[in-house]
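Here subunit A shows up in two complexes: once beside subunit B, once beside subunit C.
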Partner chain A sequence: MNTASRAITLRSIFFLLPSWILLLIFFIGPILLTFYFSFTDLALTGAQAQQMAFVGFDNFIEMFQDPNFRISVTKTILFLFISAIIGQQVLGFLLAYLMKEKNTTFRRIIGIVVIAGWVTPEIVVAFCWVAFLNDSGTLNAILQSFGLETITWLYTFPLISVCVANIWHGTAFSMLVFQASLDDVPKTIEEAAMIDGASKLQILIRIILPTVKGSIVTNMILVTLQTLGVFTLIYAMTGGGPGTSTQTLPIFMYNQAFVNYQLGYGTAISLVLLLIGVIASLFYIRSMKVQI
Partner chain B sequence: MDRNIGKKVLLAGLLILLILFTAACSNSDSDAGSTDKENDPKKAKNNELTITFRSGGSTNQGLINWLNDMVIPKFNEENPEVNVQLSPLEVSEGDYFAKVALLLQSEDTAPDIVTEDTFMVNSDASAGYLEALDDRIESWDGWDKVTDTVKKGVIAEDGNIYGVPYNTDTRGLWYNKELLADAGVSVPWEPKNWDDIINAAKAVKETFGDDVVPMWMNSGKATGEATSMQTFEMLLYGTDDPLYDYEEEKWIVKSDGLVDAFKFIDTIYEEGLGPNLSQVLNGQGSSIAYQQLMPEGKLAIGLDGMWQTGNWHENGSAPWPEFEDKLGFAAMPTQDGNDPGTTSMSGGWALSIPAKSDNKDLAWEFIKMASTPEMNLELQLNDRNISPYKEVAENPKYQELPFFEEATSFLENTNFRPAVDKYPNVSTVIQSLVEQVVTDAISPEEAAEQYKVQVTEIVGADKIMEK
Partner chain C sequence: MNRFKLEKKLSYIVLTFIGFLFILPLLWVILASIDANAKQALTIPSEFTLDNFTAILSDPATIRSFIIGLFISLGQSILVVAVGGLAAYPLSRYALKYKKPFMLTILFMTSLPITAVMVPVYQLFMFLNLQDSLVATTLFLTASGLPYGIWMLKNFMDAVPLELEESAWVDGASIWTCLRKVVAPLMIPGICTVGIFTFSMSWGNFFVPYILIQSPDKFPASVTIYQFFGTYGMVEYGKLAAFSLVYTMPAVILYLFSQKFMSQGFSFGGATKG
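So, the complex of A and B:
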C-alpha cells in the first residue's frame, strides 16, 4: 500500500468515526445489553430490581416450558402468515399488477387511496379500526340498519380483526415495491411472448414473476420483519386479548417485562423474536435462490 | 461550474441551518434558566413538591378533591413558597404499578410523594425505590393513631416502614334491591353460599333477559389488581385454601379451592350471567359497571369494594342521590357457608416518599399534615373508604355515611393479601388466567394446572406446597 492510499484510508476512517461511534452507542450497545439481560433475573420491582443475578439459560428453559410462549409463537406465525405474507404481499402485488400500464389519473387515485392507509400512524389506524369494529361501531351500525344481528368483532374474531387492520395499514408498502419492479419488466419480452401465443396467466407466471423474484424476496423480508415487530396496532386494538387470542410475541414480551415485572424474561423473549426474524430472512433468501 | 457553486451554496445553507438549530436548542435551556428561574428544576427544587397517583376515567376524584381543597391550601398556609403539583398518571390499574416503578428509577422523574397500593410497598421497597420512614416516624406523634392491622401493610419484609396509610377497605356484594325483589329474591339479600349468588343471578336473568347484567366481577388483565383481589381472592378466601400458608411460609399452588374459584368464575360466564366481554375486559370496566350500569338500573349484583359509594355522592363522578335506597351491600358468603360464614379482603393505599425524591423533608412535612385524623375524615367524606384511624371510625359524621356500618362490619372476617415478596407477580398470573377462563381459552382445571406451573416458576420450587 502506498502512502497516498493509506492517507485516503485514514481519512475515510476519520470521517466514518462519528457514525461508528453513534452506531456503537445507540445500536450495538443496546443489543449487547439485551443479550446480557436475557441471562439475568432482572425485575422491574422487588429485590431483583436492585440486585440482579446471572441465571444462565433459566429464562430460555422457562420460555420453552411456558404454554403461553407456545401460544404466542402460534399467534405470531398466524398473524405473520395471514396479514403479511398472504394479505399485504399478495394484495400488494395484485394492486400493482392491475394498475400496471393503466392511465395515469386512475393510477394516481388508487395509489393515493391505498397509500393513505400506509401514511396514517399506527396508533391512529388502531383507533380507526376500533371505532369501526367496536360494539357500537360503524360496522355494527351498518349491520343494524339492515336488520342484522350485531357482532362483537374484537371479541368474537380478534385475530382476524387485527389482521385486517394490519393488511389495510401495510399493503401500500408492498404495492409501491412491486410497482417499481413491474415497471422494470421489459415490454419487449412480454410482447414477444404474446406473439408466441402465451396467455395473460402464462405471461404472469412464466415471465413477470421470475423477473421480479428479487423484489418479492426483498419485500417478503421487509414485510416479515415489520410484521414481527407490530406492537402498537395490536396493543391498542385488543391489548393482546381477549385472553391470549391476539398475544403475539411483542405483546407477550411487553406483558412479561412490564406487566409481570420480569424484565430479564422479557428481554430473553425479544432475543428469540430477533432470531425468528433472522431465520425467516435466511429462509426466504435460500428458498428463492437470489442474491441481495 | 455553475452546478458546483449551487452545491456549495446549498451545503453552506444547510450548515448554517444546522448551527441555528443547535444554537436554538441549547439556548432554550440556558435562557429558561436566566429569565425564569422558577422553571429550572435545579434552582427551584426545594420549592416544588410533586405528587403522583392514578387518575383517568374519574378514578381517585375524591383524592384529588381532597388534595386540592383541603391539604394543599393548608400546607401552603405554612409553606407559602412551596408549589405543590399534582402529577397524576392516567393509566389503567394494570399499568399503574409498572409506570410507577419506571418513574421511581431515576432522579429526573421520581416524584416527591407517590401513592402506593399496600401490596406493592414490599416489592417497591426491596427494589430500593422507596425511602424508609422509621426515623421520621419515631419523632412524630401521629403514627400511634393509625390502626395496627393497617400498619402491617406498609411494613416491608426488612421490618422498616415505607409509607403512611390513608385508607383501607373491604369488599362485598353490591345489589340492586328492586331488581332482586322483582326477580323473586328476598331482600335484604343475605346469600349463605356461592350457590345462592348463582341462583340469584339466574333469577335476574330469567326475569329481565338481556336488559340487565345479572352479575359483574372484574375479570380481565386490564383491570389488574381489581381482578385478583375483588374477584379471585374474594372467592378463594371463601374456601379453606388461601393463597399462602404463613406457618409453612409456602405458596399453595394446588388445592380444591383454586379449582373451585376458577369454576365459579367460569359458571358465571358460561351461564350468561356476566356482562359482555367487551365491557368487562376493558380497562375502564369498573367505571362502566358502577358509574353507568348500576345507576341506570342495568346491573343487579356487583362484587366490588365499598369505595364505589364515592362515585354516587353529590361530589362524586356519577352522582346518584337515590343510591342509598336503591342498593344493598351484602357480605360475601364463604363457598358452602363454612366457618366463619362470610369473607372479605382488605387492602389500602399509603403515601410514600421515593428514594430518589429531591425534596424528602418537605414531602414528609406534607405527609404529616395530610395524615391526621381530622384530615383523614375529610378524605373519607370525599373518597368513601375505610379510615385507618381509630378516632375517625368513632366520629358520628363518618359513621353516618351510607353503607359504612356494613363495610366496617366486614372487617371482622376480612383477609389480607400475602405480605411477601412476589405477591405482585403471582397476582398478574391470576389476572391472566382469569381472563383466559372467562374467554374460554382454557378450562378451570387447566387454569389451576397452569397456576401451579407459573407460580412455581416465579417463587421457586422450594417455596410451594400442595393441599
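So, the complex of A and C:
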C-alpha cells in the first residue's frame, strides 16, 4: 500500500469513527442485547433483578402459549392492514390522483389540510382524536344534530378509532409519494389513450397503476415499517384498552417490560417486533434497487 | 364532453369532503385554545380569551420542559449533522473497500423501528448507570437518527462538484478547511433538510424520553404534555388545547421553513461555470 492510499484509509477511519462509536453503543449494541436478554429471566424487581439467569427458550415458549401474545399479533396485523396498507395508501393515492390537474389554489388548500395532520406531533394527534371521539365530542355533537344516537367511540370501536387517527396522521406521507410518482406518468400516453376512447378507469388501471407500481411497493413497505412501531398514538388514546382490544405488539411489550416488570419477557416480544422489522427492511432495500 | 365535466365536478366534491374531514379534529384545538369555556365538542368560542396561553406560558415547569425539549432536539440535530457529515465525506469522495455493504447497512438501519429496541436500551442505560441522563438520551437519539443523516448527507455531498475542492487544494487548503469552507456552505440546503427533519422527529418523540428519563423535573415537553393530559385533560380543555398548539408550533414553523429551502432547489450549477 502506498502512502497516499494509506493516508486516505487513515483519514476515512478518522472521519467514520464518531458515527461508528455512537452506532455501536446505542444502535447495534441494543439490537445484540435484544437477542441475549430474550433468553434470560431478567426482571426489574425481585431476585431476578440482581441475579438474572439464562433460561433458554422459556420466554418464547411462554410467549407462544400466552393468549395475550396471540391477541397482540392479531391486533398488530389488523392495525397494520386497516390503517397503513389500506387506509393511508388508498386514501393517499386517491388524494394524489384526484388532485392531479386541479386548480392550483384548491390543490394547495387540500394539501395543507392533509399535511397539517402529518406535521402534528403524535401525542397531539392522540388528544385531538380523544376529544373528537369523546362522549360529548365533536363527532357525537354532529350525530346529535342529525337526530342520531351518540356512540362511545373509544369503547365501542376502539381499534377502528385508533386506525382512523393513524390514517389521519399518516396519509400525507403516501399522498406526497404518489404525487411525485404520478408526475412521472408520461402525459402523451394518457392523451393517446383518451383519443382512442379509453375511459378514466381504463387509463387508471392500464396505464397509471402499472407505471407507479414501483412506488406503491416501496411506499407500502415504508408505511408498514412506520406503523409497526406506533406506540405513542395508541398509548395516549386507549392505553391498549379497553381490555386488550387495541393492545398491539409495542403496547404489549411495554406492559410486560415496564408494568409487569418482566424485562426478559418484554425483550422476547421486542425481538419478534425487530424480526418483522428486519424482514420488511430487507424487502425495502431490494425494492429501492439502490446504486451506491 | 359532458361526462368529463361531471367527473371533474365529482372529484372536486370528493376532495372538499375529505379536506373537511381532515380539518375537523384540528379545528377543535385551535378554537378551544381561545375559548374561555372550552368544551370537548367543536363550538365557536363563547368568549374570546388568551388566558389559556398565558396560563400555560407563565408556568415555570412548562417553560423548563420546553427548554429541555429544545436542548435534546437541538443537541440531536447538531450532532447528527456534524457526525453524519464527517462520515459522509469519505463515503462520498473515496472509493472505499467496504463502502457498498456499509451503505446498505445504513439504509437498512434507517427503516428499523426504534420502538423494538427500547427495552434493551433501557437495560443498557440501567447497566451503564445512565438512566435519567439528558445527555445520554440525546446521544441515543443521535445514534437513532444517524443512519438517515449519513444517507442523506452523503447523497447531498455527491452533488457538490469535486472541481471546487480541487481548486481549493491547489490554493493550499487542507481537507479540513475544504470541508468547512467549501463543501459545507454548498450543502446548506441539505444540512437544513437533515437538521430540520431530525429536530421535528425528536421534538415529537414521546416514547424515548418517557422510558429513559425518570425525574419529572427533567421531562421534555412531549412528556409533560402527556402528564398534563393525564391530570387535567378531562377538565381543562382550553389549557390542553393551548399547550398542544404551543407544542406543535415549532414543528409547523420548521416544516414551512424547510419547504422554502426545498423549492429554492439545489443549484450549484453556476459555481463551476464561472
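Quick notes on this structure:
Basically, the second predicted complex is superposed on the first by the 258 of 292 C-alpha atoms of A that agree within 3 Å, B and C clash if a C-alpha of one lies under 4 Å from a C-alpha of the other, contacts with A are read in each partner's own complex, and residues count from 1 in each chain.
Note that a contact is a pair of C-beta atoms (placed from the backbone, for glycine too) under 8 Å apart; a residue touches a chain by one contact, two chains touch by 3 or more.
Everything numeric in this text was worked out from a predicted model, so none of it was measured.
With both complexes superposed, C is the one of subunit B and subunit C in contact with more subunit A residues. Once chain A of one complex is fitted onto chain A of the other, the partner contacts of A:G229 are limited to subunit C, with no touch recorded for subunit B. With both structures placed on the common chain, the touch criterion links A:Q65 to subunit B but leaves subunit C unconnected. Of the two partner chains placed by superposition, only subunit B is touched by A:Y155; subunit C is not. By the document's definition of touching, of the two partners only subunit B reaches A:G241; subunit C does not. Of the two partner chains placed by superposition, only subunit C is touched by A:L33; subunit B is not.
Of the two partner chains, neither subunit B nor subunit C is touched by A:P186. By the touch criterion defined above, A:F258 reaches both subunit B and subunit C.
By the document's definition of touching, neither partner reaches A:P210: not subunit B, not subunit C. Overlap of the subunit B and subunit C interfaces on subunit A: residues 134-135, 258.
Subunit A meets subunit C in the complex at residues 8, 11-12, 15-16, 18-19, 22-23, 25-27, 29-31, 33-34, 37, 42, 91, 94-95, 98-99, 102, 106, 109-110, 113-117, 119-124, 127-132, 134-138, 140-141, 168, 200, 221-222, 225-226, 228-232, 236, 250, 253, 257-258, 263, 266-267, 270-271, 273-274, 277-278, 280-282, 284-285, 288, 290, 292.
The touching residues of subunit B, counted against subunit A in their complex, run 94-95, 97-98, 101-102, 120, 123-124, 126-129, 220-222, 276-278, 281, 283, 421-422, 424-425, 428-429, 432, 435-436, 438-442, 450, 453-454, 457.
Residue ranges of subunit A in contact with subunit B, taken from their complex: 43-50, 62, 65-68, 134-135, 152, 154-155, 239-245, 255, 258-262. Residue ranges on subunit C touching subunit A, taken from their complex, read 7, 11-12, 14-16, 18-19, 22-26, 28-29, 32, 39-42, 83-84, 86-87, 89-91, 94, 96, 99-100, 103-104, 107-109, 111-124, 139-140, 142-144, 146-147, 150, 175, 200, 203-204, 206-207, 211, 222, 225-226, 229, 233, 237, 240, 244, 247-248, 251-252, 255.
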